[in-house]
Amino acid sequence: MSQLDTLKSAIKDRLGELECVIGWEQGYDPLHATPLFIRTEADLDRLIIGPLAVHNLATYLTAYKGKKIGVVVKGCDSRSVIELLNENLISRDDLVIFGLCCDGVVSQRKIRAALPADPGFVEAVDISANGLKITVAGQTAMLNMTDILADKCRTCQHPNALISDVLIGENRQSASSTSLACQEEFEAKSDAEKFAFWQETMSRCIRCYACRNACPMCVCRDYCIATSRDPLWVSQDNSPAENFMFQMIHVSHLAGRCTECGECERACPVDIPLMLLRRFMNKQVQDVFEHQAGTDLEQTPPLLTFKVEEERINERGW
Amino acid sequence: MQIFDLAAADHAFIAEVQARSHQDIKTCYQCGNCTAGCPYTFAYDYSVSQIMRLIQTGQKDAVLKSRSIWLCGSCQSCTTRCPNNIDVALIMDVCRHMAREAGYATERAVKVFADSFLNSVSRYGRAFELGLMTEYMARSGRIFTDVDLAPSALMRNKLPFKPHRIQGRDQVARIFERFRKGGAHA
Amino acid sequence: MPAQDVRELRIVGFLCNWCSYGGADTAGVGRFSQPTDLRIIRVPCSGRIDPLFIVRALLNGADGVLVSGCHPRDCHYAEGNFYARRRLELLKRFLPVTGFDARRFEYTWVSASEGQRWQHVVTEFTRRIHELGPAPNFNPASEMDWNALALHAAQGQTCPCHG
Amino acid sequence: MRIGVFICHCGSNIAGTVDCPSVAATALTYPDVVFSTDTMYACSEPGQDAIIQAVKEKNLDGVVVASCTPRMHEQTFRRAVERAGLNRYMFEMANIREHVSWIGKTKDLNTNKAAELVRMAVEKLRRNRPLFAKRFETVKRVLVIGGGVAGIQAALDCADGGQEVVLVEREQSIGGKMAKLDKTFPTVDCSSCVLGPKMVDIAQHPNITLYTCSEVESVGGYVGNFQVTIRKKATYVDWSKCTGCGLCVEKCPSRKHPDTFNEGLCTAPSINIPFPQAIPKKAAINAASCIMLTKGKCGVCAKVCPVKCIDFEQKDELVTVDVGAVVVATGYDLFDWHKYPQYGEGRYKDVITSMQYERLLSASGPTGGHIKRPSDGKEPKNVVFIQCVGSRDRSVNRPYCSGFCCMYTAKQAILTKDHVPDSQSFVFYMDIRSPGKMYDEFTRRAMEEYGAQYVRGRVSMIYPQDDKLIVRGADTLAGTQVEVPADLVVLAVGAESARGAVQLGEKLRVAPDQYGFFVESHPKLKPVETNTAGVFLAGACQGPKDIPASVGQGSAAASKVLGLLSKKELESDPAVSRVNPGRCVGCGKCVQTCPFGAIKMIEDRFGNPKAEVIDTVCQGCGICTVTCPQGAIQLEHFTDNQILAEVNALCPPKMFANFE
Amino acid sequence: MHNIAYYPGCSGQGTSTEYDRSTRAICQALDIALTDVEDWSCCGSSPAHTVNHVLSAALSARNLAQVEAMGMTRVATPCPSCLSNLRTATHKMKDPDFQSKANALLDTPYRNTVDVQSVLQVLAEHVDPEYIKSKVVNPLTGIKIACYYGCIMNRPPALMQFDHHENPMAMDNLMAAIGAEVVPFPLKVECCGASFGIPRGDIVHKLSGKLLDAGRRLGADCFVTACPLCQMNLDLRQGQINDALHENFKIPIFYYTQLLGYALGLDRAELGFEKLCVDPRRALGKIKQPAQTR
């Protein structure tokens, strides 16, 4: 039985007790997936998994608070679930988790860049272990998986769901590399270069809040302080500084909580590389608090606790 | 006794002592601990703590002309026990430097001995005891200094008749030469 | 209002009421002279200081931000500075990726009795900020700069990740 | 909003380096400011009246005063605006004295800074809103920590004032340092004759519960409602039965451990009553030296005890009490003179501390009140006293004056002559500090009537020569070195903070200064208050003090406690956190971080979890406000918007709109 | 095996050759390899620092630069005066301003990479006392010794960073380890009169006389010292002291290295007892022979 069939049958077994089960289906063309809310067995036919199933479905969980639902998660998505559970934002009793062992997902951005021109509507996609064969307007292009793999998958340390009621597939190895060249390159730049980079990038930001809305950990929703008058942290002025302030709020509220699923960056319509901020912050959290969000059900987010003697914080000589 | 005009304090002198010694003269509260521990007090004209006081009140002449600054043996007892962490022995040293530069030598024999010693070093690279004694006796006029010890010392071969001339004595001589030219202060 | 005088840079201080604000008062009572650049915002506890206040100040053009609270273990509210230490340390370490010079932000501990220490902290931090000079504006300073930036952004630019 | 601004000159304190009229003029250009003036002394009665008058005449609904630190006069001005009919929180202060005029020398920079601080205050005030205090009841009981003379006085005064008192003492008996003293200055009356009756009063007072051999384990709660846990350490004697007959003390075969009450001058039995006047007069076992407790055999005391009160199985016990106020009277410790190696570091037996000398002088001491030197029991003829051992000495980190050593040394010199008429005392001193009633006269008597030879200078070293100790010091008045061949050297050791003071301060949230003495709320105006409401200081825990000052402070602290607890209810500070239930998502992060347990989770009418603040428990630290990502819980008077307004006042954002 | 650069100091070539030789002998016996600083020169001694600190530092630094040129990082000297000068130079030259001034006087600049210790410190801190005990062949049983350290071996403590500044014990421990009875000499760090012997002999007579008196009161058979200048003042000038103070001291003043060498059974010729002015034979005679001890 294929992984997909095993998953379908597992969902079928539990569907009766659940409001719905969240998975993926094909979107507007064969290259794009979209979330699928499975309510009946008939819906199950449309379920897909694999490299196109990019969405972190944990993002939807808080909206179903109080209802019993199921969710399909990849390894990275499962970290978000754990973090939400640790922060009491969802209840374990109301959740059935179908965990996957994941081989990685694609970056649509990289696919677009790898194709000679914007493909528009894709006619067919043939998925193999090596890559994707994409047919657009009768023309076929073969894209290597290594070229189009999402950044987060290149350094993925948790390919298998860390929490699940049903785990499907065989355990996958975590990636050997833990660092990304683009991240290191950026961090090595001078303050002035980085400053100029964000100035420019933030002048592109249209503050559509797609990054926030896609984020599984952004649970404030309608009460985000970036869009409130009381408190009034960010003005309506569309200036780089105000846009950056919003991003700083986002990064600050994710400190010690971000599971690095990459949804913010994926959702950004103007291609702002938000993960530069996330990955750097997470590295600091790891360095100071030896904490990696969403990897352990017993952990306390580092900013909600303290130690009297902080071994890794040095008094600066004043 | 000498009467000091406190209004005529030499502030430049105070500042110079402080700058050269990197010590804060004002922190001395005259507890006398330096004097209490100083083995040389019996030979001084002003006790150590009085020297400190005279510096505090800017009495340059009294300090630089005193015997005490020449008779300090740099034994560090004052520095070690000062409740205010003042390096008193260093201040005594600095006063002696300033007295030399000002041309004072109230304890002339002490100065001549130091000069003779350094001349010896400058000449041979190392101290040549018999040589420096000779120079000292000639320059101080105290030709009978320690003659009583000579037989005892000579009998035991404690005083070589020839200086040890080191190869790098030119290097050592150049140290003195550059020092005299540059007049390095510190 | 921006620092009006070229002799001054804009330094914002966030001080807890019980220790550091008291320490600054003690320095004042002792007439320990200090540079005038610093403007102090009083908060009850260093635990009240949201790192985002500091970010806000920097984005608004502050040249330096100084935070001071009670020494660890001495917090009037027992634990406030322990939380503050974590939050502020993380901000301090995070700033480099934003391009803000992390030296423009500092946090330390000064008790109500440490007037001289406060004088030292203020003097040293102000000296540091003057060495760094005025902070660059995140928002363009003139209309022309605005237009240049907009043009540059519109032309698209090379992003390190999506190259 | 209609805001009035008052710029105080504070005489020349502010006006000396700040152009106050110009600041007032600038303030008038700020938003909502309708009235602005400068005033000579804003805190004076005419100054306050002028504020009240302006509020009424100009119809103000908010006031900014720019003057000294709010830590000084915020309350004063809040009361003033309240008298003017405004809510007391519709007031802000700009600190242009401690933070401007006293630290900056350049007038134009100071003036600009003052104007900006006023702007900041105005911007904050524009976002203030009236706040109203809640009332809560207080527990009518007081905890006194420390049973020295200050604690005894505080306990008795509180008890006489009708409050219940719990007195906790670390040692076996109350009495503290004073109980060890032979006589007291400047009257040379017997210490135990003065203190003894007070100790008995403690034992007999119906309002006082005494715990000795006990320490404060933890403190929770807040003014009016503290919860205190006390650890009663095991004494291995059931004190409810012990009659203090002393039979066990007599028979105990283990008598080798140093007698701490006698400052180690002699040894004590392992079961002991420290001194005849001890309160409570009960025996206790020293577990470290007791043969039964260390080796498992002996039990002589248990056999001889007529009431069978020995209990080798006894364990520490924790007792919890609720109190409305706390008096800290933990006293001081003596400087460890071994930090002066030049005094022999203990190699010379006849170099002793002043407290050891008290025990030698005391009739209840190990020598029965005869001065015998430790090395050979001989009566000393030349006795040298060295003052400032561990005082006024930066090299041992004790730059402060301990205050009482000059006086007790004079007393000991006098007593030395009384005890040994053909003796000669030498006192090495730096300065004589005797500013008290009859104090200086007393030191003069030591010199004039008792012939004590006062030598102005420190002692550099002590070394033995035959059976004498050569004390080499300075006589700075003679300008030279001096030596005294002494039979006994008494070191006037200074005071340092009591061991454990810093840890106790952490429990009570009372900050120690850099030397471990507790910091009072204000050095002049609030000498016994601390910055933690309901916690008061008495005696030498706040700084070195002699007996009269300690007793005075004990009474002062008691009067503060009685004043506090005389109110039926207390008002809580309304500057506490408040939850906006609309924004709260019920994640409970605020509950998790609150150090006081002041936030609880409730359900709204739709069954959604929401946070709620318990007003009287909240201390107003604001940790929760920073924790909440939605900004749903805001610390009143220090809300995000209020602080952001201050930030924006100092660093106005550069708006795109500015260029349009 | 420790390999350390060795700076003998000028007096080791003259008035205190026995100290130099016995030091070399015991170091060899205790597996400490000493390599002489090549073509070393005088550190300047007290006269230099009383004239100028830069000059003094430069004279010392020339030797320390020689040590650097030898590729070594530790130098030991038997003489406290040299020790004090070398360490002071090292300390002062941590200040870059001072360092450049001192280096300006030198042909070869000193980079300040050398740690300076006394031979006594090397013995006290790097040689196991049990090891020394195991090598003793003539235990000093029966002799009473006053250990005299002199004023600058341990002071000021912040600079010297060795042993105790009021009651040093390094020599006491060494002497006890080789079987001697050590009296609690109270004036271990009092000054003997230092270099005033020649210009102001009266000072030395008084100060050294006081030391001899304190030793005699404690019944010491002899002194041991670690300082050539102290030794000279107490030994060579003992006759002058007796004349000046109308005393009759006959207390031999050993270098600690001589007695240590004696206990280790080293060749007498290396120990130079014959160089002492006050006849040591009576004191040495107090030592019980091994046969008697058994």
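Note that the chains take the letters A, B, C, D and E in the order they are written out, and that residue 1 is the start of every chain.
By definition in this document, a residue touches a chain if its C-beta (ideal position, glycine included) is under 8 Å from a C-beta of that chain, and two chains touch if they have at least 3 such contacts.
Computed from a predicted model, the values in this text were never measured in an experiment.
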Quiz item: Quick one: which chains contact chain A and chain C both?
Solution: D
Quiz item: Between chain A and chain E, what is the gap in Å from one C-alpha centre to the other?
Solution: 73
Quiz item: Centre to centre, by mean C-alpha position, how many angstrom separate chain C and chain E?
Solution: 56
Practice problem: Please report how many Å separate the Cα centroid of chain B from that of chain D, as a whole number. | Solution: 50
Exercise. Give the residues of chain B that touch two or more other chains, as numbers and ranges in rising order.
Key: 42, 77
Exercise. Return the residues of chain C touching two or more other chains; collapse runs of consecutive numbers into ranges.
Key: 56, 59-60, 73, 79, 83, 87, 139
Quiz item: Where does chain E touch two or more other chains at once, residue-wise?
Solution: 165-166
Quiz prompt | Chain-chain contacts as defined at top | solution = A-C, A-D, B-D, B-E, C-D, D-E
Practice problem: Report the residues of chain A in contact with chain D in the complex, numbered from low to high. | Solution: 87-89, 219-221, 223-225, 228, 230-233, 235, 237-239, 241-242, 253, 300, 303-305
Quiz item: How about chain A: which of its residues touch chain C in the complex?
Solution: 109-110, 113, 151, 180, 182-183, 185-187, 191-204, 233, 239-241, 244-245, 248-249, 251-252, 255-256, 265, 271, 273, 275-277, 280-281, 284-285, 287-289, 302-303, 306-308, 310, 313, 316, 318
Exercise. Name, in rising order, each residue of chain C that touches chain A in their complex.
Key: 51-52, 55-56, 59-60, 72-73, 79, 82-83, 85-87, 89-91, 93-94, 96-101, 106, 108, 117, 120-121, 124, 136, 138-140, 149-150, 152-153, 157, 159-163
Quiz item: Okay, in this complex, where on chain B does chain E touch?
Solution: 39-40, 42-43, 71, 73-77, 79-80, 87, 89, 93, 96-97, 100, 107, 109-110, 112-115, 117-118, 121, 125-127, 129, 133, 136, 140, 145-146, 148-149, 152-153, 156-160, 164, 166-169, 171-172, 174-176, 178-179, 182, 184-186
Exercise. Mind listing the chain D positions that touch chain C in their complex?
Key: 69-72, 95, 97-100, 102-106, 108-110, 112-113, 116-117, 119-120, 505-506, 509, 511-514, 519, 531-532, 575, 593, 595-596, 619-623, 625-627, 635, 638, 640, 643-644, 646-656, 659
